[in-house]
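Consider the two complexes below, in which subunit A is the common component and subunit B and subunit C are the respective partners.
Showing the complex of A and B:
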């Protein structure tokens, strides 16, 4: 448990560091939300000054940071100029949508990568291994942006998949099964793109971890005992190969979040990606900071979960952690 | 380094692409901003050998195209006159750098006809020409940003590894901060704090600076590791014992050790940074009109009718695939060499 206390403390420090970094950049940046207003001849410079004063933009950096910290403590995360509301409720819904998208994509990508990786490690010269390595090399070289655009084109031209938003207008009011099915049909295209984008790296790591595990002596021993091939692969070798994969699960979240930002923007999924883009174009800086903090929080939470899983899966770490 | 086909093949491929892109003015038949408002979103020009009278010609030729009467965005060929494709064609004058000026293009056709190998965009500009000019922006933004990133990363990493103590701790904590953020979010956040409405030249420098400075942390960490182990080597201690200065040690013993890591990182970072520029420009946060970048060219695909009807607008994105494959191959080979 002390191990976890330590990790949590580190995560918290990281979040504080990121917020400090954001504020330092904010301070260095020329212009703010109201400086665009100065170009408008109908708005007098006194008005702009009083607005800036009202929102506290004229105060020095430490004061602004302190105020922001206080609003975080109130659960507000700063104030959005463009929406004229606290940031936290804006983020809440968007965060749920992004979480839905990325968790679905993570789940599906891993449930595809593990069997494919295990089987292609089991027979490295087989047709499956060859087609997997060819496919992952191609996918690895295809940028996420292109994948998203191609997915969008496919979805629009075929008309099978629904694109844009996460629910159809006429079904918006419906509840229960109908609503779930509608959201799922909107999810399908972005999730597919994300899975295709993250699959090659996962597949490569699974294959190489499995190869290492299969080369170890206990597998030969199990084989000599006459244990079946499938049982050796999934019951004996896979748990041994699991360790690097679990830590990859946390690390791959970072690239997944970045990819999901693009996919959300291109496919119109109402996650935090479009919110961030909008906030940048509006120079709505507290929303930008809020989104960055949120994405860091997702990442840190993913890493902590991976640590937890590792702790459960590997007795060596458990012992080390308790000592 | 020993040359093997696995190394020089992708290197050759990349070299060719970069040279062609640098000499875009010669290889492209038109200037990137030359418009033909009568030919918006025209598909790639068909190159003929057989004319309307079924006669075969050794010299390939094209026909002039006009808008189909009564049909929205359909084009038909006017088969009265043939326009043979001429090589080393006298077209628009251009300058390469500041010394060479010429009007020779690799190929072209006589005026009212136009040759567009990859179709045209919304203003009737030739996509192929814009692709070549856009490569100058997209590819070189990646290269320059990588240089910046490696310079910053190497110098900070070496300082951290060589001097150690509090400097090491401070630099590495900062690096962890940068690595902890999903990097596209970080890139966007920093872009958010900078002015939006600026000229293309300023935007180019700004994008390079932002991309390059966001990515310093990973090379810094790796270089630090190398410097840390090099510092304790016997010959370095011996040199120090003989009274070598820090600067001499760094230049003579530590920096050469980091070479392998730096090259491997470069092969990994360049494609990532090219993609970063493309992404920024795609979303309108990078380099804007009229200067083409592959990202801003792809941005027209955000319109419904372009996405559905104009497949040739995907070319700037497709160009990335062979380039990324080459870089991927290069980085794989370099990685293997580093580990062996």
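Showing the complex of A and C:
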């Protein structure tokens, strides 16, 4: 347990480091939210200066960092110039939408990858293994952007899937079953694109880990004892093949917040992606930092979760951890 | 080939052939691992299979254990041919053929406890209540000299010798008639090696087990085996009772094999 205390400390340090670096880099970038106003002849230079003063942009970097830290302590994460509101509630809603999308996609991708990988490894010359390998090679070679655009095109042409936003305008106020169905129909296209994008990597890792496990003597031993095929696959080989997969699961947890940026922007899903893009274009400083911090937080939390899972899944590590 | 079987053969291999075909996108390779192998394993005796690396020892061992299927040939065991047997028949015979591996850590599932490992074969083959199974497991632990409090340990928490005992207990759970030993003593220190060898000799006497012992270690072979079969390039070039073979090797390759070991070069000198 001391080990996990240490890891928590490291995680905290990492978060502080990332926040400092984001401040410094955004400082280095030219211009700020109010720079464009200077080009507008109807806004006087004094007005812009007073606005900058009002938002504290004229202060030196350390002061601004200190103020930001204090606002983090208050749970506000700074202030958005564009939305004229604290960053935290803004991020909260968007993060919830993104998590709905990505957790669904991650769950579906894993639920497909594990059985397909296990079966591909079980009969590597079979039609399933061949088509999985061909399919994943094709998907790997396809850029995510192309995949998203193809999904968009399919949705628009076929008219079966709803695209843009999270809910239809007329149903926005409705509650219960109707609303769930409406959100689900909006989810379908982005989730499909995300699943297709992440599936090949998960599938390849599952297949190769399983093939390795199936080649080891303890699997031959199980066969010699007349233990059934399904039991060999799922009780003997899969748990032994789990280690690299658990690490990969941690990575997919870690990327829950950032994996879907592109798809969200292309398909108009109101998640973190469009918010971040907008904020960067507007130089809405604290929103950008807020998104970066939240992503880092998820990264760290995902890695910690992966370690915990490994601890649970592998008796060899469990032993070392306790000693 | 002179086959000086001591008694009626328990298992008889005839013309066993196995070719591995490598299908790559750049080239195709064929490797004949076994070439018309004839071999007899006398009942409740130990036959050692010696030969250099890559001579096909392990492939032959896997075929005889029913884990690999030869391309051609016959393997007769008590009036049944393993090669031509159907899936069901083979499934019924296979538990009688068990194997011990060189690397005991790789041969035991890393995520199951010692008692689960021994229980798995029982689950597959017996209709027994959990309590009965647990009794059988305790019994097997005692037979191979494992302490009962080690039941909850995982393989990595056991020493090499203890792991090999656990592997023996698991093999016994299937009530085998033939045990294929693929260099199971390698990597064990001398005293532990002696204990495991003696355990296997005891089990052979009490359970009428037939052993096929695949090895490099001619010293252990001389002590442990009743007969020795010498393998060279996928063929058995000589099979004879141990004492006879060590004193009067008839095949040229056997002579070379024996003379490569300093201790035996001396013995051969005496015999000449």
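In this text, the second predicted complex is superposed on the first by the 315 of 323 C-alpha atoms of A that agree within 3 Å, B and C clash if a C-alpha of one lies under 4 Å from a C-alpha of the other, contacts with A are read in each partner's own complex, and residues count from 1 in each chain.
Keep this in mind: contacts are C-beta pairs under 8 Å (C-beta built on N, C-alpha and C of every residue); 3 or more make two chains touch, one makes a residue touch a chain.
All values reported here derive from a predicted model rather than from experimental measurement.
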item: First (subunit B), second (subunit C), both or neither touched by A:276; value: first
item: Touched partner set for A:66, first subunit B, second subunit C, both or neither; value: neither
item: Of subunit C and subunit B, partner touching more subunit A residues; value: B
item: First (subunit B), second (subunit C), both or neither touched by A:4; value: neither
item: Touching partner for A:217 - first (subunit B), second (subunit C), both, neither; value: second
item: First, second, both or neither for A:107, with subunit B first and subunit C second; value: neither
item: Touched partner set for A:146, first subunit B, second subunit C, both or neither; value: first
item: Touching partner for A:228 - first (subunit B), second (subunit C), both, neither; value: second
item: Overlap of the subunit B and subunit C footprints on subunit A, listed as residue numbers; value: none
item: In the complex with subunit B, residue positions of subunit A that touch it; value: 14, 17-18, 21-22, 25-26, 28-31, 137-138, 140-146, 149-150, 152-153, 156-157, 254-255, 257-259, 261-262, 265-266, 276-277, 279-281, 283, 285, 288-289, 291-292, 295-296, 298-300
item: Sites on subunit B touched by subunit A in the complex; value: 173, 176-177, 180-186, 188-196, 275, 278-279, 282-285, 298, 301-302, 304, 307-308, 314, 317-318, 320-322, 324-325, 328
item: Subunit C residues within the subunit A interface of the complex; value: 62, 65-67, 91, 94-95, 97-99, 101, 103, 106-112, 120-121, 123-125, 154, 156-157, 167, 170, 173-174
item: Subunit C-touching residues of subunit A, taken from the complex the two chains share; value: 216-218, 220-228, 231, 235-236, 239-240, 242, 313-316, 319
